[in-house]
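So that you can tell them apart, the chains are marked A, B and C in the order they are listed, and the count of residues begins at 1 in each.
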Amino acid sequence: MKPFVRLMLLLLFLSSPFLLKAQIVDQEVHRVVFQVTKGEAVDQEQAIGQLNNILRALPNAEIEVICHGKALPLLLKDESKVTDGVTDLLTRGVVFAACENTMRRAKATKEDLISGVITVPSALAEIIIKQEQGWAYIKAGN
Amino acid sequence: MKPFVRLMLLLLFLSSPFLLKAQIVDQEVHRVVFQVTKGEAVDQEQAIGQLNNILRALPNAEIEVICHGKALPLLLKDESKVTDGVTDLLTRGVVFAACENTMRRAKATKEDLISGVITVPSALAEIIIKQEQGWAYIKAGN
Amino acid sequence: MKPFVRLMLLLLFLSSPFLLKAQIVDQEVHRVVFQVTKGEAVDQEQAIGQLNNILRALPNAEIEVICHGKALPLLLKDESKVTDGVTDLLTRGVVFAACENTMRRAKATKEDLISGVITVPSALAEIIIKQEQGWAYIKAGN
């Protein structure tokens, strides 16, 4: 056996516990609409933590995060406590959407949102329609 | 062209932005079971506001509002802070249901409910069965 | 008619209102994933009460209770305020699962859990997958 092949086999053998561990990660496509309604710093951090947990367990999950009511600040450029967390999740394909009803009440415009964040006319209508299309629903927060 | 027809065409042209706006309203039938568990005045007003938001975006939505636990007062004739809101939504086809388990604990009778409100034996059983029948689920509140 | 048969018929007749009452209980199989995220004593008691309510209305319901975040203590041998309630529900077929992400953060091990409680790698992933498999979703708490 060539030394290179032997080395590869050895590495494969040594890494097998990690391979086994990797197998508990679920590679299927999952679709989830994730509702956030709270806005304190601790709530924002919890939401980002939960989204990272979902992606760790289900790396191919398609996630749409709907922020409305008190959760709007999570998505506002000048107010968010988790801008880096949002931006990182955006680059990994997570969709963040702000509710236009909430934005109108808060006098926020699309320019006030973190770059890459979209809007939906009604947070609740969006959550209803996503469920009809087979998406799972998670309400964030305690 | 007759002046009347010309006027109609002009009005149609002028109103086209509104027609376009109207088209973003979704005329499909949507079915949603809406769970309310909080009972402070601010929670009651939020629930009514959210229900109106849903109907604005989805005018043909079939909505069943399930009030249980601390949310029972929302439906009680002598205690509700939003009687007008409930009555208005009832006339627009929204179903409001009080949980009989909660009513027993609160010693409330059907006569104590706002006129037109129905009851269900168990709020949670109702929410489960509705989801099985394809209804979307929204948990109200922050 | 023999006295014994007559007595049986009389008892049957007298119990008919209770038979009728029994018929409003739904004997179908229902499957529900029940998310608990709060951990105060009052929250723990409310969760156990709600689970008992579900089983009273839907005696054949298959229930999986997912405890994560602040709700982990509900399932910890040395901290739970509702050990008897959990144990009783376990004997009636309810599944209780603790989130391994939460356990790691809390430095809790499987030995710390009430006997019979299982774990899942990620509470939210579990809730998503159950919904995909047709389970109804209930988020506990107010």
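By definition in this document, a residue touches a chain if its C-beta (ideal position, glycine included) is under 8 Å from a C-beta of that chain, and two chains touch if they have at least 3 such contacts.
Protein identities per chain, from UniProt: A, B, C = DsrE family protein.
On a predicted model such as this, the values are computed, not experimentally measured, just so you know.
Student: If more than half of the interface residue numbers appear on both sides, call it same; otherwise different. Which is it for chain A (DsrE family protein) and chain C (DsrE family protein)?
Tutor: Mostly different residues: under half of the interface numbers shared.
Student: Just send me the rotation angle from a CA overlay of chain B (DsrE family protein) on chain C (DsrE family protein), rounded to the nearest 5 degrees.
Tutor: To bring chain B (DsrE family protein) onto chain C (DsrE family protein), one rotates by 120 degrees.
Student: Take the average of all CA coordinates in chain A (DsrE family protein), do the same for chain C (DsrE family protein), and state the distance between these two points in whole angstrom.
Tutor: Chain A (DsrE family protein) and chain C (DsrE family protein) have C-alpha centres separated by 29 Å.
Student: Listing for chain A (DsrE family protein): what residues touch at least two other chains?
Tutor: 137, 139, 141
Student: What residues of chain B (DsrE family protein) sit close enough to touch chain C (DsrE family protein) in their complex?
Tutor: 37-38, 69-70, 101, 121-125, 127-129, 131-132, 137, 139, 141
Student: Which part of chain A (DsrE family protein) faces chain C (DsrE family protein) closely enough to touch in the complex?
Tutor: 24, 26, 30, 32, 46, 50, 53-54, 56-58, 61, 134, 136-139, 141-142
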